[in-house]
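Heads up: the structure comes next, in structure tokens.
Going in written order, the chains are labelled A, B, C and D, and every chain counts its residues from 1.
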Amino acid sequence: MNSTSLLVFDVLLLVSILSLAWASLATRDARNSVILFMAFGLVLAVAWSRLMAPDVALAEAAIGSGLSGALLLAAVYRSRGQQPAAQQQSTGEHNTSAATVAARWAVTLLSAAVAGVLAWALLHASGSAPHDTLPLAIAANLDASGVSNPVTAVLLNFRAYDTLLELAVLLTAVLGIFALGPAAAGYRPAGPVFAGLTRWLVPLLILAAGYLLWAGAHAPGGAFQAGATLAAAGVVLRLAGRQHIGLPAGGTLRVLIAAGAGVFLTVGLVLFMTGRPFLGYPTAWAGTLILLIESAAMLAIAATLVLAFVGGRPQAAGTPAHTAGAKPVPGNPGKE
Amino acid sequence: MNLDTWLPLLVVASSLLPGLIIFFLREDSHRLRTVLNLAGAGLKLLLVGIMIWGVFHEHVYETRWTLAPGLDLVLHADTLSVLFVTLSTVLWLVTTIYAIGYLENSPHRSRFFGFFSLCVSATVGLALAGNMFTFVIFYELLTLATYPLVAHRGTPEAVRGARIYLAYTLGGGMLLLVGTVWLHVLAGPTAFVEGGTLSRLPAEYHQQLQAIFVLLIMGLGVKAALVPLHGWLPQAMVAPAPVSALLHAVAVVKAGAFGIVRVVYDVYGVNFADQLGLLTALGIAAGITIVYGSVRALLQDNLKKRLAWSTVSQVSYIALGTAILGPVGTVGGIVHLVHQGIMKITLFFAAGNYAETLGIHSVSEMNGVGRRMPATTLAFSVAALGMIGVPPIAGFVSKWYLGLGALEAGMATWVIPVLLTSSALNAAYFLPILYRAWFRDPGPAWPAEHIPAARLETSAALLWPPLVTATLALAAGLFAAAPYSPLEWAALIAQREYGL
Amino acid sequence: MLTTQLLYGLAACFIVALGLRTALLHASLLHRVIAINVMGAGVFMLLIAVAYRGPGQQPDPLPHALVLTGIVVAVSATALALALARRLAAEHDDD
Amino acid sequence: MTDAIIWVVALPLAGALAALLLPRLATAVAVGTAVATSVSAAALLRGVATQGVLHYELGGWSAGLGIALRADGLSAMLLMMTALVVLAASIYTSAYITAPAERARFWPLWLLLWTALNALLLSGDLFNLYVTLELLGLSAVALAAFGGKRAAVAAALRYLLVGLLGSMMFLAGVSLIYAGYGTLDMAQLAHMVTAGPTAWTALALMTAGLLLKTALFPLHFWLPPAHASAPAPVSAVLSALVVKAAFYLVLRLWLHVFADVVTPAAANLLGALGAAAVLWGSWQALQAERLKLLAAYSTVAQLGYLFMFFPLLQALPSVTARDVAAGGLVMLALTHGFAKAGLFLAIGIIQQRSGHDSIQQLDGTAQRLPATTFSIALAGVALIGLPPSGAFLGKWQLLAGAVATGQWVWVVVTAIGSLLAMAYIFRVIGHAFGHQSYPNLPVTVAREEWPALLLAAVAVLGLGLAGAPVWQLLEIRV
């Protein structure tokens, strides 16, 4: 791939990304907008791999477009069930009173200005040689970090504190969702084709999650991508009509969603109390500790993302979820 | 525990602490509240006695506490502050006794006496303030402490009167704050030093100093009820009698006048102020207020409103005194600070007695009240005659010195006429009351006779305070030349201010 | 190499502007949530473009970690926003 | 002492997880964590006071590679204020929220919010600040929507969208910084940053994002509904701490990191927006029908005062004058924190007792709750900036700075703002005087009234009289 054909590929890729983004934001119908957004996410994943960022490509595909898309689609169908389609379309784009036209122009100019200033600063910033102090420092300390994949090293060791807080963010999101009310109603049990598909797909996803978790140490992968894949399995089960996706209820569910931040914090504090710096793994133990933290994080992330898709406090097993707009589920106690 | 640094703080705390405790007392624990009040008042009187003796012998008492870099809370006892502290302490003791009698079975008494003590602590703090920063703090605290007292009764008029009072005084407070900050930026932390400190500033600041003076005097003028800023005073008459007595004779009004005296003598220095042409402006404002206040007092039928307008004019005598260049004028102004306090509080006590005992609120209802309540009316007469300037009562002494000072300073051409017209006007609105009270026959029945005529004309706690303050007014006039009398002390202040 | 980093950088600026415009403009909640996600994607592209060091070379791993964290934070925020919207819609029906 | 810097963040997070895992003991766990964290915050403050800036490299990695936590005078003081306010609000909430199910859901979010606040105040790394800002935003939104009333959920949703937009712009700024300077550590950046397109744009983007989160005028529209419809302890923390944490970041960026990039014009713009916020906020507070709306608009106004300090700090010639003015700024921020928290808690008591918080029908309840009304009055005194409150010292420095630099417009705005504040505070207190029956004992609901009263008292007497150490602590800088 000499540089000109690479350039052509880049231009094509960027044109498709920009047009997908534009289309997703411009369409009036919510469902099309979400689907275009998912396509945008996938093409974006291609762009990340083009820019030598495989870990991010995986995450973008699994979380950025996959799970976000699922959440958005669920929201579209749930709200479509309640409001007539027309009312759903009354977006700001279409009443052409003078005020909104002026407002639209003002906002467009403002956004264009922000883009221009950003581009101007970027031109100036990338004018000088790229700053390599940090990448070299990471490379130098990589073997002391207990993993060979530099991205996982940064995530789980050098900037472990960021990841700890990020797991807290996930926990906050799910607790906020729980505080808002009980879960939405489930979906109709799957037809034969879909049921067959789930019988194959779910074990495959679980296997892939396990592989991604393990591979994260030395190749693209890691807790987030593995967690997202596991969550995808959960979403598929939920769509196939299984009410509680095998998630435990009550106390054990609390342990599951608190596992990520909990294990991370306990490891950090134990090290801290034994004289080492907070979250400062001893090099000998670094690998195993990171794996321990990553597996707990995977479970927590998967549970959190599925519960986000479920959309509320899970009902105790067996009691039919009260219908909140979606089609009622004939009460079939979960067979799994 | 050396007394020098703690005495001023103790004087302020002696009413602050009982006040804070009273706030959290149960509503029905009357005895404990009375004991706390009187104990606080008594202790403060004792401490002030020590302070008077000390300051007389050139002893320095000062409490200093840094609030922020360059901003110190300073309580410093000098001759001027001791005068005002003594006045406040004595009159607070008398007013507390009166208030206990007056509010016999009315609600919210814990709240009343709590704020009552806070108000006196603020007044004493303001008197002892050692620099403009501390003065502004206590000036605003005084506003906050007196607002609930004015609104105490809770009637719509009371709340409205309190809101007007607040609007004026907080607005004034803001002007004073901006002026003080500006002064602070120009001349650094301005301590009160006898003879003033601003004369050392270079000439190009003079323009700003004049502007600052206007801001300060307008800020202080609100509380000293100088003419355009006096609107709140008649409105605040809705307050219960002890509060009007305390506000108009001791705390709020005097704080403004005291502030003007401080700014002219201890910040600018009287000669520098005259050099900037500020004194004449102040004098004119005071003169207008004196005459205007007396004229408005004439037209009021409500007794307390008439007394309020009389206060508006009387307090400006003090401002007039400061505007007269020369020690004698200063003595007249400063001694009037005490005399007006004693006389006016007697008048308000008497007015309170009339209202509380016989339900009399306006002058037209006072026919023959002298026969029914001879002692109160006697006290009222002594104070009224004093206000007019009839010797040998205290009022005469201050007016005499003011006149003499004006002559000496060559300002007699307009000061003497002002004094004379105002005295004539005083007579015009006080003498008819006396005539009506003593020589007219009482009507068939009193508007609302709450307390029947028993051995004493009214309850003891209501009767004794006006009699005590009336004798004080008489004594201040008769024994003016005695050592430690208000006149001697004012002379001492003038002597130190002018560095004689 | 420089042109690729710049090319993606400028594209990123355009995406950020696109997302910002729709986020500020649109009345429907769904479009505003998508717009914010698109804007986020633009910022992430900026970071990844900065990290790029050439077709074969090893890129700077730090921005990759930052983007990973950003994606997870974005999805949790989206989840909370949609849950709030759902509760608002449900509340709308009950009252 | 340096250990405290870790405990201050780890304890609330651990408490949140414990409260999540033990739902029945949630309240006890939460109050226990609150006490423990306050003790470690005090230890941190003493550590900073004695040993100067505390610096902790997480994971043992050097600041550029890993993340460094830094506690200087400013952050230690704000941390202590946060700890005291949250401790008081936690005790208040233990009596305010009684249903066990609600408690179990409330406390984890509450402690996560506290974790975010402490992490933000200590973080020395720009991207880490982005993550803490997100954690802060999400937990604040979840708490604002707590209770699920329609108004609260709608306001929380708008708050979330605004917060996300703000965070995205902040992240764009951070990316530019990384592109231009190759590091994310603020201490290193302070030495590397030079005036140029990258620095200006990055600062502009980050500041725009943060101004959205501090709700500075014209970007304040989301704050009043969000703060007014949230439960009382939540609005207390939102107004007193969450908005202030974002302001702290603006202060940190403008005064320490981008000190020589900031131009007087930019500082004056911030000051002008602040002045507009003061006038607009005070005016709206005067019109407010409900107590909570009044308090929320008052927050918009009070933040305006803080932003008015920027042109002064830019124009003041000598370093000492700037330090004294900066001390006034911190004093104003601290006093507003305590006073506003006390005010919201007191309003919560009134709302719980009378079922509404409308100012017109306040008479009955105000007189039956003397301690609550007294707390509102005290908090009001601190919000206006009357002596002896800390805000008085703050406003004194604001006026002194304005007069010294000849920028008279701030003096006029401060005067008008204070007069408006007097109007809207005493409009409320006027209702406390009436003929309703007066309870025998002033304090009726101890566990709710004492926190409100103590918070207001700290704002007025504590900071007012014992405020001198604030200036000494501020000398300790990175």
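We adopt the following convention: a residue touches a chain if its C-beta (ideal position, glycine included) is under 8 Å from a C-beta of that chain, and two chains touch if they have at least 3 such contacts.
Quick caveat, the model's predicted, so the values are computed rather than measured.
K.L.:
What is the minimum number of touch steps required to go from subunit B to subunit C?
P.N.:
The fewest touching-chain steps linking subunit B to subunit C number 2.
K.L.:
Looking at every pair of chains, which two share the most C-beta contact pairs?
P.N.:
The chain pair sharing the largest number of C-beta contacts is A-C.
K.L.:
Just to be sure I understand: the centre of a chain is the mean of its C-alpha atoms, right? Then which chain's centre is nearest the mean of all of them?
P.N.:
D
K.L.:
If you average the CA atoms of subunit A and of subunit C, how many Å lie between those two points?
P.N.:
One centre to the other, that is 12 Å.
K.L.:
Between subunit A and subunit B, what is the gap in Å from one C-alpha centre to the other?
P.N.:
Their C-alpha centroids are separated by 74 Å.
K.L.:
With centres defined as the mean C-alpha position, give me the subunit A-subunit D separation in Å.
P.N.:
Computed value for the inter-centroid distance: 31 Å.
K.L.:
Can you give the whole-Å distance between the Cα centres of subunit C and subunit D?
P.N.:
Distance between chain centres: 29 Å.
K.L.:
So which bits of subunit A are touching at least two other chains?
P.N.:
Correct list: 114, 118, 122-123, 126, 130, 132, 134, 138, 159, 162, 166, 169, 172-173, 176, 180-181.
K.L.:
Mind pulling the residue numbers of subunit B that touch at least two other chains?
P.N.:
Nothing qualifies.
K.L.:
Give me the residue numbers in subunit C that touch at least two other chains, ranges are fine.
P.N.:
Within subunit C, residues 9, 16, 19-20, 24, 33, 46, 50, 62, 69, 73, 76-77, 80, 84-85, 87, 92 contact more than one other chain.
K.L.:
If you go through all the chains, which pairs of them touch?
P.N.:
Here the touching pairs of chains are A-C, A-D, B-D, C-D.
K.L.:
What residues of subunit C sit close enough to touch subunit D in their complex?
P.N.:
Counting only subunit C, the residues touching subunit D are 9, 16, 19-20, 23-24, 29, 32-33, 36, 39-40, 43, 46-47, 50, 62-63, 66, 69-70, 73, 76-77, 80-81, 84-85, 87-88, 91-92, 95.
K.L.:
Which subunit C residues qualify as touching subunit A in the complex?
P.N.:
2-11, 13-22, 24-28, 30-31, 33-35, 37-38, 41, 44-46, 48-53, 55, 57-62, 64-65, 67-69, 71-80, 82-87, 89-90, 92-93
K.L.:
In the complex formed with subunit B, which residues of subunit D make contact?
P.N.:
Subunit D residues touching subunit B: 324, 327-328, 331, 370, 374, 381, 386-388, 392-393, 395-397, 399-400, 403-404, 411, 415, 418-419, 422, 426, 430, 433-435, 438-443, 464-465, 467-468, 470-471.
K.L.:
Subunit A touches which residues of subunit D in the complex?
P.N.:
Those in contact with subunit A are residues 3, 6, 10, 13-14, 16-17, 20-21, 23, 56-62, 64-67, 105-106, 108-109, 112, 115-116, 119, 127-128, 131-132, 134-135, 138-139, 141-142, 145-146, 148, 153, 172, 176, 179-183, 196-198, 200-202, 204-205.
K.L.:
Could you pull out which subunit A residues touch subunit C in their complex?
P.N.:
Interface residues on subunit A, with respect to subunit C: 1, 6-7, 10-11, 14, 17-18, 21-22, 24-25, 30, 33-34, 37, 40-41, 44, 47-48, 51-53, 55-56, 59-60, 63-64, 67-68, 71-72, 74-76, 78-79, 82-83, 88, 90-93, 103-104, 107-108, 110-112, 114-116, 118-119, 122-123, 126, 130, 132, 134-135, 138-139, 150-151, 153-155, 159, 162-163, 166, 169-170, 172-174, 176-177, 180-181, 184, 222, 224, 301, 304-305, 308-309, 311-312, 324-325.
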